[in-house]
Amino acid sequence: MSGPNVLEVRGLSARIAGQEVVHDVSFEVPAAGVTAVLGRNGVGKTSTLRAVLGLVERSGEVLLDGVRVDGERTDRIVRRGVGYVPEDREVFAGLTVAENLRLAHRAGPGGTTAEHRALVDALFPDLATRAAQRAGTLSGGQQQMVSLARALLNDNRILLVDEPTKGLAPRIVGEVAEALAAAARTVPILLVEQNLQVVERLADRVVVIDAGRVVHTGPARDLLDDADLLQRLLGVHAETEAAR
Amino acid sequence: MNRTRTLLGALGTLVLLACLPLLALPVPGVLPGYTYEPGSLQLLALCWLTAALALSYHLLFGLAGLMSFGHALYFAAGTYGLAIVLDRTDVPLLPAAALVLVGGIALAFVVGAVSLRVTGISFAMVTLAFAQAGNVLVRRDQGDLTGGEEGLALATAGVPDALVGVVNTRNLYWLALAVLVLVYLVVLWIERSRAGHMAAAVRENEVRVRIIGGRPYLTKLVVFVLAASLATVVGMAYLLLQSGASPATSTADFTLTLLVMVVLGGVGSRWGAVVGAVLYTVLDQRLAELAHSDAVAGLPAVLRIPLSEPMFLLGTCFILVVIFLPGGLAGAAERLAARRRPVPEGAAA
Amino acid sequence: MAAGGEPVLEVTGLGLTIGGARILSGIDLTVGRGELVGVIGPNGAGKTTLFNLVSGIYRPTSGRVLLAGRDVTAASVAVRARAGLGRTFQTSSLFPRLSVAENVRLATQRRRGGSLSVLSFPRRGDAASAEATEHLATVGLTHRADAAAGDLSHGDKRKLEIAVLLAMDSSVVLLDEPMAGVATGDVAGLVEVIRAINASGRTVLMVEHHMDVVLGLADRVAVLHHGELLTCDVPEKVMADETVQSAYLGTTAGTTAGSAA
Amino acid sequence: ACAPTAATTGGSDDDGAAPVDVGIVYSESGPLAAYGAAYKEGFEAGLDHATGGTGTVAGHEITVTYHDDAGDPEKAVSQAKDLIGKGYQILAGTVVSGVALPLAEQAEQNKVLYVSGPAAVDTLTGINRYTFRSGRQSLQDVAAAGTFVDPQGAKVVVFAQDNAFGQGNLAAVEGVLGEQGAEVSSVLVPEDATEFTPFAKKVLDAQADMVFVAWAGATTGAMWQGLDQQGVLDETTVVTGLGDVATYGAYGDAAEKVSFLNHYFPGAAGTETETVMLDAVEAAGGTPDLFTPDGFVAAQMIVHAIEEGAGDVEAMVDALEGYTFEGPKGETTVRASDHALVQPMYQARLVEDGDTWAPELVEVIDGESVAPAEVTG
Amino acid sequence: MSTLILLLATGLGLGGLYFLVASGLSLIYGLMGVLNFAHGSFLTLGAFVGLAAGNLVGAGTWGGLLLGLVVGALTGAAAATATELGLIRPLYDRHIEQVLVTVGLSLATVALFEGIWGPNPRNVTRPGWLASTTDVLGARVPNTAFLNVLAGAVVLGGIVAFLRYTRYGLIIRAGVENRAMVTALGIDVRRAFTLVFAVGGAAAGLGGVLATQSLNYVSPHMGASLLIFAFIVTVIGGMGSLTGAAVASVVVAVLQQLANFYLNNTGDLIVVLLLALVLLVRPSGLLGRPA
């Protein structure tokens, strides 16, 4: 394995429709474990992930396994071993479940393996029974499963996962959390998540973003145990906290 | 304050345009002579009518997002309708025009009611199909009504003398300008009205409109019929200006031309539609002169052949605008203005 | 039942079959005026489908829907909306290129009537716009009023949908996962908005996977499973149900049925 | 700068030597550019011939301006209005009927002289006092076709496209040959059709004594092959108008089985004036063709009109009415009553000439015998 | 009886011709949602260049025709590739503009072709067999009808195989829906778009050369005049369904032949009516996926 950090982001800025929404963000993702990106709505979490992949206009440095990739096209970056679970599921509504998954298959090193396929089958048995259904007619939660499955099919170097538990039933939230925990044993994950229980279950480190800037980085525990910090950075009030 | 200024500017422009037939201004390269000459007035009048027609198309496409390939049908309904009524009956001009307008509205209502049952490219195709049917009928000259590909001349008996003959071109010019102003105001009115806002909402998201209790189908039908009736009005004015109806104005190509104008000017912009239409008309009418000029004739074949084909130049211009000027001329103007203005406060958090 | 007076929404024997697949079947549910009913169930259980049938996006293959005693089974979406039914979507559905304020204003204008009139003009500062401004303030989007709705971040779109609902002033409100994607810190605020909607006499049906939110708000909880209505009862009883425990809540998850705030 | 109050700046001053402007509106580009070119070459040759190479008649210098209408009536009307507005009293040209009719309309509205070009539409004849023609019209084609059989009791089938051109031809055949005792029926094919084999068979099944074919456009070649494939050309006399040089190849192997009536092909007339025209056109680098005489004749008519009545449209019209002159096709008369242009027509055939085809004269048809019926009213 | 056979046989042949013209259009429209107005120009260009190449070997020979077909297809593919790279690709997220650019291109190229080859149709020399007929139950059926049906079937089979045995169809359908997401799966969607456009262009070029054999002419306008039927056939057949386009081609052509012959030349009107009817009853076309 190369250096300790699989992903390094230095001075990354992102622009959408001519407006800078992420300003000079720097952080790194170690070669193991889960790094969670937290923040309130609209602060730029999603945009940061998309900037790493080159899906939005960006400037700054992005290093994958120590190699600069910020000049490359998205598909090249992905083929270097980046799995992406987008925020709004973004399944191909007009394609069937099977076609959605087939599209995610990658050949060659870092591509799809039998083990990964087995893992996906085990995690989401529902998808196999719905293989011929058009993804657009799936329930919200089922779409989320397709989206996760597409990323988990390949032997990636890193996963970028944006709010994976959104809209999932509590039982599935638990299962997805377990799946990600299992995946995290072999591949590092950069995770955006609002559900603090899931963060608590998975995250080793956190990066907190506000107004397009990194305002806090550190071990996950430090943040979650500090009600004051939670209140200040994420606006989580004591009473909501109590609901946990 | 700002609004009064734009209003005054618009009024000033209008007065200037209205006075053109009384002035002797040369616009070399654009007009064939001085502004008061019939040739120039004819070209300008043609510009105004085309602009009015483009505005009616803007109502459909820009406001309601309805890409019709058959808008020419209602324009042709105006030209042919009026030509036939004047040719076959003794009804005087104004009642005849009213009659044709009612007919145009009825036609639009029926065709709209059917074609609006589908959306997107399918809608474009159904409207195309209906317009094509109209075109076939016009060209086949059933019952000797339309004159086939030879067109139908204006029966001048029922038309006031002031609108006949080259000496009266300036009257026709004023008529065309009046039609443009009328159509512009109607379009502005519709856009600003509640129905207009609802139409924009339908363009954006039909399901959402239904969820808030709106009726997308009805909204679209209203806009469709309004746009079509404006086209019918313009068609009638066109008949008077050209002293005849020609089957070319009933073709799908003609609708495509409207689309080209609206896009040249900038989809969604009223001024864009006007400017696009005027530009297109001037280029279409005058590029031929450039193409046959001595300057072109002296060039080597690789340059001469393309340059001597007006449609080639126009098509190429159009492609360049689409690729390099997103939002058309109106979009470009806006960007230019924005660059001059200081950047507004309040970048999103 | 609970807070409810006379029944305002009645669903009887409602079912939907698509291409031989039974998506929903035999749903009987009566909701009283002013009630807040939570709808839960595993992913794909048919919750959104139920909403689609009630709001008229789909036509049922069996059963009836009564709104305030009136049979609306065959009525269009728009007719139901005008009869006082409002809803949000699981995936935000807005007018993306219109401004945030305009998104809300169109709803207030529609409600005030004459929305297809070519004779009246909406203006800044008229009653409809003033009301729209108010609703934006309620959900905390005032600062984004002039942004295009499509440019909002995910969470902000959810808030905008609620504002539109307020503007529609519907007597029955269907919320499909209103909290999905909303920042943890903003959940409490939005809960209060929903509570206020309900407190003003409106009937609310809410699909939501955040159990703490459901338990904190709902008078009754309906559970869907495999397209059938498993039970509909007060939260405590539902939470105690074993099928609910195993099929929906799971045992491994962090979230458990616990005391709500 | 202010505009003059009246736009009537016609040069009606009687200082006899004022130059005269002639505006030609024709297809320099567009689908009929080839016709346009022939017309223009003919016009230039005719002008040279009629003015004795001076470009001047009766002291009036003739200034000709050419305008491209691209076959589009809208453009043509704009140009006509521009020219009339600039004081032009003489317009000529256009090769398309759809353009000629609106121009005739402008001529009437504005009382200017208009000499139409190759447009064949019959309604142009007698349409108004100010419109003349320098070419032939469909009725003359049809009458020429009638010379191939004895119309009395003959079974004539018109095979044409179902458009104004085809219907016009059918009406003309009914009028001319029907009048002479022929039994006329028709097979009309949709204008845009690309596959008409079954129609060819229908023609065959009609067992006609003569089939008159009126066809224009790109599908001509396929149409002839269709007739030939179904055996029509072997069974009956098939007559059609011989078009311009570019169409000679369209008949393929069928060429020798078709009887052609003809308005003109280079060498058909054998008159002195024709030789003058051919030499002049060739000297100028042009290629004489079907519509070259139309331009030539237009120039002859215009020069005559100027000579007799420059500056006064009514006088020019009067001068042309009944004017008989030696045109390239021979003796040519502008019929006074309706401005029909009475002229000789030809019977021709195509013969193989290397790997192309060449026309060969069969017979000259006297102009009077194929003159259209007079338009009254 | 023999008239009916003739009507059906020539209708079938005409259907083959329509399909040849429509196949590339339907492929591009169905997959990419781009209604390619310049398709007619690819066709015309393929026809001119293909015939010119064929004439080098010998006009009216089978060898010449074969070479013409190959060169026509290559020309069409090259033109389409250039169009995709130069005009379509820069506009990938602007759907309507893509259609508009092809409108502009069709206007410009038809004019350019007129400038180069003149506005008038030129006749073509065909191999002797193609210019003659075969007797079928007393009807003399033009041999081009057989050629068109055969060629249509081959093209249909070829394109269907291309879509079935490669991933390109899938990639493009997904890419049209959400281009960014396809790249985020590590797929170079741009190459796929170019390739499919090229295949569509090749079909156009091939169709162009074959069309000259039935039409018996080649002209700058031939593409445009065939295009309208290609549009209609594509839409009736159903978005994205090549088989649908094939079925629609035959239905439209046969119906047109019958209506023209028996119903007073109303073929075009009937076809328009059919289009309106199909779209109203089945908005997604005969075999199209429901929207």
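Going by the order they are written in, the chains are A, B, C, D and E; count residues from 1 in each one.
The rule we apply is simple: contacts are C-beta pairs under 8 Å (C-beta built on N, C-alpha and C of every residue); 3 or more make two chains touch, one makes a residue touch a chain.
Here's who's who by UniProt: A = Branched-chain amino acid transport system ATP-binding protein; B, E = Branched-chain amino acid transport system permease protein.
Because the structure is predicted, anything quoted here is derived from the model rather than measured.
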{"item": "Touch-network distance, subunit C to subunit D, counted in steps", "value": "2"}
{"item": "Reaching subunit D from subunit A through chains that touch each other, fewest steps", "value": "2"}
{"item": "Reference subunit A; chain at largest CA-centroid distance", "value": "D"}
{"item": "Maximum centroid distance from subunit E, chain identifier (CA atoms)", "value": "C"}
{"item": "Pair with more cross-chain C-beta pairs in contact, given B-D and D-E", "value": "B-D"}
{"item": "Where subunit B and subunit E are represented by their mean Cα positions, the distance between them in whole Å", "value": "32"}
{"item": "Averaged-CA centre spacing for the pair subunit E and subunit A, given as whole angstrom", "value": "45"}
{"item": "Cα-centroid distance, subunit A relative to subunit C, in whole angstrom", "value": "28"}
{"item": "Rounded Å distance between subunit C and subunit E, as computed from the means of their C-alpha atoms", "value": "49"}
{"item": "Overlap residues in subunit B, where contacts from two or more other chains coincide", "value": "140, 308-310, 348-349"}
{"item": "Set of subunit D residues in contact with two or more other chains", "value": "29, 162"}
{"item": "Residue list for subunit A, restricted to those that touch at least two other chains", "value": "42-43"}
{"item": "Parts of subunit C lying in touch with subunit A, wherever the complex brings them together", "value": "18, 40-48, 90-91, 151-156, 177, 180-188, 209, 211-212, 216, 247-250, 252-255, 258, 260-261"}
{"item": "Subunit D partner contacts - residues on subunit B that touch it in the complex", "value": "21-25, 32-43, 46, 139-141, 147-151, 153-154, 156, 164-167, 169-170, 242-244, 246-248, 285, 288, 291-292, 308-310"}
{"item": "Of subunit E, residues touching subunit B in the complex", "value": "33, 35, 37, 87, 90-91, 94, 96-97, 100-101, 103-112, 114-116, 228, 231-232, 235, 239, 265, 268-269, 272-273, 275-276, 279-280, 283"}
{"item": "Contacting residues of subunit A [partner subunit E, same complex]", "value": "53, 55, 73-75, 78-79, 84, 86, 90, 92-95, 99-100, 102-104, 106, 150"}
{"item": "Contacting residues of subunit C [partner subunit B, same complex]", "value": "55-57, 76-78, 81-82, 86-87, 93-98, 102, 106-107, 109-111, 114-122, 143-144, 147, 151, 164, 167-168"}
